[in-house]
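Two complexes, one shared chain (chain A), two partners (chain B, chain C).
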Partner chain A sequence: MSDDAVLEVTDLHVSFPGEKGRPLAAVRGLSYQVRRGETLAIVGESGSGKSVSSMAAIGLLPTNAKVTGSVRFRGRELLGLNDKEMSRIRGAGIAMVFQDPLSALTPVYRVGEAIAAAIRVHREVTSDAAMRRAVELLELVGIPDPARRALAFPHEFSGGMRQRVMIAMAIANDPDVIIADEPTTALDVTVQAQILEVLATAKQATGAAIVLITHDLGVVAGFADRAAVMYAGRPVETAAVEELFAAPKMPYTAGLLSSLPRLDAGRGVRLRSIPGAPPSLAELGAGCPFAPRCAFAVDLCRTTEPELLEIGQGRAAACHRTGEGLDLMAGPSGDSGLADQDSDTAPEAASDAEGAPTEPEAPAKPEAAAVAEPIVGAEPVLTVRDLIKHHPLTKGSIIRRRIGTVRAVDGVSLDIAAGTTLALVGESGSGKTTTVMEILRLRTPQGGSISVLGQDLEALNQGRGVRRRAQPVRAGIAAVFQDPLASLDPRLPVGDLLAEPLRTHGHGKTAGRVRELLEMVGLEASHANRFPREFSGGQRQRVAIARALALEPRLVVLDEPVSALDVSVRAGILNLLADLQRELGLAYLFVSHDLAVVRHVADRVAVLNLGRIVEYGDADSVFEDPRHPYTRALLSAVPVPDPVVERQRERIVLPGDPPSPVVLDGDAEALRGCRFRSRCPLYAALEKPEARELCESTDPALTPVGDADRSAACHHLDAWVPALVQSGTVA
Partner chain B sequence: MGAFLLRRIVNYLVLITLATCLGYLLAASSLSPREYFAQRQPPPPVASVNATLNQLNLNDKTPLEDRFAHWAKGVVTGDLGKTIDDTSVSAEMGRRMGVTLRLVLFGTISGALVGVALGFISAIRQYRPSDHTITFLSFLVLSTPVFLLAVLLKIGTVKINQAAGTTLLPYTGETTAGLAGGWFRHLVDRGQHLVVPTLSLMLGQAALFSRYQRSAMLDVLGADYIRTARATGMRRGPALVKHGLRTALIPMATLFAYQMGMLLTGVTFTEKIFGWHGMGEWFVDSIGRQDVNAVAAMVLFTAVLILIAGLLSDIAHALLDPRVRD
Partner chain C sequence: MTAEELVLAQEESAMTAPEPVTLGRGRIVLRRFLRRKLAVAGLVILVLMFALAFIGPYLSSWNYKDQDYNNFLTGPSATHWFGTTQIGSDVYAQTMRGLQKSLIIGLLAAVLSTGVAGIVGATAGYFGGWTDRVLMWFVDLLLVLPSFLILAITSPLFHGRTWLLFVILLAAFNWMVTARMVRGLARSLREREFVTAAEVMGVHPLRIITRHLLPNMASLLIIDATLNVGGTIIAETSLSYFGFGVQPPDVSLGTIIADGTDSALNYPWLFYPAGVLLILTVMAVAFVGDGLRDAMDDAAGTASSTSTPGDAA
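Entry: the complex of A and B
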């Protein structure tokens, strides 16, 4: 117990009343301490108890929660304080930054008022003085024109700007501890990089300790000093960040690290995946909660839960086999994949409680790797040329008048050859999803042309019998969306969900095919009569994939297929998709904002900005040698889950928000020149006026780059990018 | 804000015109003033009936367009025509309007306020005894028709007056006939007469509002921004009012406007039962007398009232939710 710790949590337990009177233990014995100026990361997946523990620390859990243990803030015990006493500490001593700043700010108050109110809760100052301080704080967190923006409402701010406001509120009263609960989770990577910079600034300005709650190991690597990994309500490993990443001592941590798709790894490397899913709190047994998913589990693990034991200076791990010197990162049998090997043991161990279906890893097919690589250059399954989708932007309720255009997709050309994967990447608002929806609609596009499986959509939609003629095309293209729970009808059993596309297309006998599909995605055929809610997130996504495959499509559109899933089950889904592609010769159009995932799956990649492709080509070539300044900035914003690399690398932090694709009528200036230049670090660094003039006057077209079948849309592709913005300076 | 309200007012004027014209056309084509006269004993001669009808612009032999044009010309100059008994509609309406407005105004506003307060308490004390009590009582009131409620209130008032030994709460008419005294005496007297009828309107209104307010409040109770407010150190009570109630009130503003229509139906019963000579009573009587112009005037009155309520709710909405102003 050190004396300089500002926040000290000891043996914290939190439980909620569960069904049948059995309490649900959400946090089971968490201890940590943070000193001023230090950053502690609490890492865990959904249900690991990481957020509940922080809410318990500031006393904001619902009243039915039972909290025991000790939370000391500057030596003072907080548990047991009443609301009045706690309210004096909240915001002043311990401040919070929450996820999803859209819902975290009251919509009817101006942001300046909100910050001023946070100040006046604790200090007797006039409202004018509080407002002046609010403007200062907004300036500190990097809001341009703070005096004017203080009068704006939260809905007038972008997600990143709102998160800056949240941070300004948090530091308004010079707290000693800032608890940041998933502060960057809902944000684009470019904005995430900015927000982390702002948090660092906030930490400097206040000297506060930061407790960073996150599931993103990349963020931990770059930002935290120490980390505690939580699993099923318990801390399973605590260590300094460098040591944690270099040599994890708990199989779960090791599994998480090796299951992460990484930007600095090559394409197509098979990810090690952790089988199964994080356990639900209701079904915890006596043994180690990770044992059913652990490749190293021995009998002892299934009967006795290991204690978190100190194993070195500031290091602790909860594993029976810590002392045995196992090479956790390598897996028990080399690289062949711990997940695959373990798939037989996992289901029995976890399915004893509540009869919940478990998630067996897709059975590895040793011969699958031997199947010939798809013939590159085979006939294209999708060809898009100069696709345009503009929406009118109107104003007024009775007499609607057009005031501008949303240029959602503004001239996109793509090709996907059979059996290959094309990834579409870009920030929110870049037109990824609109492009995909235009393809899936199978209608004549507003501008340009789309050809799916050799069928031109304009021709397809002309003449009689469009519906009948479109049927085979419809069957040949399928989609998997981000949130499997939302895209599966909750009232249909899985068997019916899978049979539905078959019946729609007139296949009579479906039972056999449904069984086959379930097995294909690594589920049991007997699961056909279960409902989607009875499955875990990863399993639901497997059902969604099975449904997409029902009609033997040749092209599958994957719209953020792993973004809604827990980190530890992502790898399993990505491996499954890779296997299916090899076995069935599928072509994928893979939409993602997660560049590390894209790095892992894509053969070719198209980078979108403002409805245009700015860089396009072979994935290896683009990722290893990005040429367009936007691609460089995007790649540079992705945190690498390796503290050594992460802290040394230079970063390009793009200023400002992802731009809006809205162009107001009569605003000719917006369409002139390169539309990326307002955020372009290269443009900002150009010295020759004629070079700048080129960016200002001429919209760059995609031009071939090098020899690797690549193209990029920039006037200065060969220019060296000197405009690396140093860490710590934000726009 | 000003431009926003101006746009709304223009909208409303168009709607009022439309509603009133349609109201007149409906009344003129479905009511039969000729029958009203023909049924008199002894039956008047046809020629004299025609003459009266012509004079009142009620003759069904005149084409509907002509009657409408005649009526509309009058309305534009502020003349709403004659009642079937050859008195001025405008004058009669002027007499009765104040009576109804007084009832409706106090009834809606107090009902909405009480309902919002009850709903708020109910929501923040969800599943506690106070919530259950409020829920039970509001459903009891909601399932009681206005005329039954009014009669029950009358009985209750009698008991109270007996207990007090004096007519504390008079429940017949809107004022005591032949009252002597100064303006203050009159004001108190009118106030006393107002209590029970207003209560009969208010109760239903409050019961309904409390249900809506409760669910609106429950929606925002779990909202992230209340958690944020609490995390800045605001205590539970102030956070619930400033961040919770403030946001949950917004949908109530819309409800307020739509409730007005329902309340005007209720006010007819209230006026009849408590012997107030207001618009509701007049409306029912006019239909019985086949009085086209009076019915049309009532439609105009209703339209104006509902749209005033709409305007009020727009103003409330704009005040509560600054996002709609621009």
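Entry: the complex of A and C
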């Protein structure tokens, strides 16, 4: 195997000088090989060492990093090469695609020049020839009008287009290995699908091996041939992708797989959660690093770290109990994870004091569930009608002229009944965040109406004492934002953070309630004296949830509440939210771009595109039978973490980027007809000219669909036949 | 988190385990402050300086106004511990008196100036719009108007009044540049999500400013206040020319130093006692400021990044 491997990493160790002279081991013994034309995925969460290891391989680490082991590229040892030799190999032999292309592209060079320069560094060609080649490459990666776009600067491209440019640059010199570090993480799902396809094209065109570094198991399932799962700086399992997903041999992998919310699972299924959080490198002790979170841990696990042992053809796992034939997916007690077995793992006392303690589940109370049956369909807690929020787009810094309008929210209507969850789904620029902020700020809407807990905002904002009169409404609605590190003031201890809403709303004694809240979300009362920074990501989000619950609101707005969290702690947060909803009868407005998560939590969904709702209705019905072309495309773009399903799925890849909601002044054409037209696969496939004409001339309104309580905005809801879909499978 | 702090955190949780008490931010910062040796040393030095300034004069039989007509410009001796000046004043008594004045003037003016800068700057930055424009217009006006001009004009009004007025004046000419910096910071902090979170919770704007914005620029404010202490003590001398504040026969460290500088080489006793005390004061304040900053920062985890390189992976 090693003879035809283009990149061979053996026993790679990377450490950084830590505080007090103790080195921090970021990577502890990673080995892998990739052959030409093969895709290896390196999967892991934050701190697993997955990125550091590839940076080490291509010599891009800061000089204070200590790297040992061996990295061979086509038989040549790379470690220890000097900068000059290394940069010759980087680019020509090994190319990189980063998560954030904007920081990787030099802002002052036109993208064509940048690619041409990359070519000329490694090859003796004239600048004209290099430029021609650059345009070819841009065409290959699907940049429309490449000759003209080659003259544009990086900032003039959208995120997805920039990533294409990065890929074009990466393949410019026919590399043998492409290392792609989270290449799609910052992108929308529909764009992610495009980029994965471009990567596949690039692989075909160059025959290179791809090392794909990612945390997204769905992407792995669809794209990779083999995978190495990393945890705490070590590979803990390596296997062919099919085998890995079908029968994981290491509890961490199994836990990850069974904790993922899946598009093809039903609503409200309780996720199995892994307690605790990924360990920080500074606090690794002896023993299996996963032991504090592992449901199968035995005494041996706490004293001896397991080796990565070969357990079959191309398979290896690092676990003392691999040979015992345990049913890892089912959990230790043999029940299928539906009960709250995730609540029984006692937090490890040892790690608890270290600032990143384990994360116990909030105790689930089955009896409470029976009592507080949600009052579904009762009076609405939120009603939004034809909400409009436009703001002017101006240009020039001295004399500002108005050149257009950002139609961020353009007629959105929503209802949420007490105790239910409405999910707001959309890509960037769809207006979901604007909608949410319009609701949360409790101002009079620019157009349309909002009524929160039966209080119309326009009426609320009239007359005197608005601030005072608004307080009871504010107490009834709370918010949890995406990144708890950003939404919790870093300078306030948790106790003060939780007391803030209480004090604001005139509650004198707060200590008791703070303790109660902390316990409610599965934290300890003593955590009140710590600062947000001293918690793990999942725990911080629990603090944010506790703060939202302080005033016993009836509606909680959850703006991407798990997107910023590590995969293994998401399930815990989702379960917590489900428990709280059941116990407290909360209504949720759940904003997310992650359809798998939405599938898991939502009673109803609203799909947003360009500030409009294009499909709205009962979640089961929408997910099982999406009607609007956009919804269908979105659903088909979400990777399913199952290689068998994923590779057979029919995929609708939407062309282009999510369009921007900007309409320039005087551009009447932009407002005519269906605004989804430019990306609509159905429109593109329509044959009858009068059918197309309808899309071009008339803006479709939300119309009821079928007998279920749902609606969609498209003229040709019935015209959808699978044959019309241009399908393409990734991988 | 350093290993040392891990232990401390453990102690903390162990201490609070039986009866968890929710401490406020102030208590926690104080606790972390008290763990810093240098900061505590600074605080102790400051306290000792105050003690010296107010008890010291009683130890010697000379008063700062007294003149000894038998001793002009004599060096340190048993009768005059720090020697005497050209007109026969006792340098020890004068230095003690000067220390009294300077400590109070320096600390008070520094805190006042930084406080005004923080409040005005943060208010302008947070509210933006007209509030911002009016406040910044005022700041700019004060910046371009030469302070001595204003002093010259207002001087007859203030002449001979209490030195407290003088402290206010010192602060009044000092806060504008900081206010501008604070405003800039406030404008960017305003966009942060935790401010949005507080707003939608219904927290009062003034409370957002005092509780969220200002603590998040504590580093800047503390550094500013620290620098101001030394600065105002020196600046005070230049204002004395306008007939403000400390007037002969009264003295301050600043005036002593200013008078003694010329003869520092020939008659070092005129200069060194006051100079050393000034340096000690400024150093002690710097230690305290540093400690306070660290105590606030490491609580929030921003001073030394606790994230390990691997976390970025």
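Following the convention adopted for this analysis, the second predicted complex is superposed on the first by the 693 of 731 C-alpha atoms of A that agree within 3 Å, B and C clash if a C-alpha of one lies under 4 Å from a C-alpha of the other, contacts with A are read in each partner's own complex, and residues count from 1 in each chain.
Simple rule for what comes next: a contact is a pair of C-beta atoms (placed from the backbone, for glycine too) under 8 Å apart; a residue touches a chain by one contact, two chains touch by 3 or more.
These numbers were taken from a predicted model, which means no experiment stands behind them.
Aligning the two structures on chain A places chain B and chain C next to each other without any clash. Legend: residue contacts after superposition of the two complexes on their common chain; A:444 is shown touching neither chain B nor chain C.
Chain B and chain C, viewed from the C-alpha centre of chain A in the overlaid structures, lie at an angle of 40 degrees when rounded to the nearest 10.
Of the two partner chains placed by the overlay, only chain B lies in contact with A:58; chain C stays clear of it.
When the two complexes are overlaid on their common chain A, residue A:413 makes contact with neither chain B nor chain C.
Touch criterion not met for A:461: it reaches neither chain B nor chain C.
Residue contacts after overlaying the shared chain place A:169 against chain B, while chain C stays out of touching range.
Chain A is touched at more residues by one of its partners, and among chain B and chain C that partner is C. In the superposed pair of complexes, A:107 makes contact with chain B only, with no contact to chain C. In the superposition on chain A, A:70 contacts neither chain B nor chain C. Look at A:528: by the touch rule set out above, it reaches chain C but stays clear of chain B. With chain A used as the common frame, chain B approaches chain C to a shortest CA-CA distance of 13 Å. In the superposition on chain A, the residues of chain A contacted by chain B and by chain C do not overlap at all. Every residue of chain B that touches chain A in the complex is listed here, in rising order: 11, 223-225, 227-236, 242-243, 246-247, 250, 320-323.
Listed in rising order, the residues of chain C touching chain A in the complex are 1-3, 6, 9-10, 12-14, 16-17, 20-25, 28, 192-194, 196-204, 207, 211-212, 215-216, 218, 296, 299-302, 304, 306, 308-313. Of all the residues in chain A, the ones that touch chain C in their complex are 16, 18-20, 22, 24, 26-27, 44, 46-53, 62, 65, 233, 280-282, 352-355, 437, 440-442, 467, 470-471, 474-475, 478-479, 481, 483, 486-493, 495-496, 499-501, 504-505, 510-511, 514-515, 524-526, 528-534. Residue ranges of chain A in contact with chain B, taken from their complex: 58, 60, 83-84, 87-92, 95-96, 98, 100, 103-108, 110, 117-118, 121-122, 153, 155, 166, 169, 172-173, 398.
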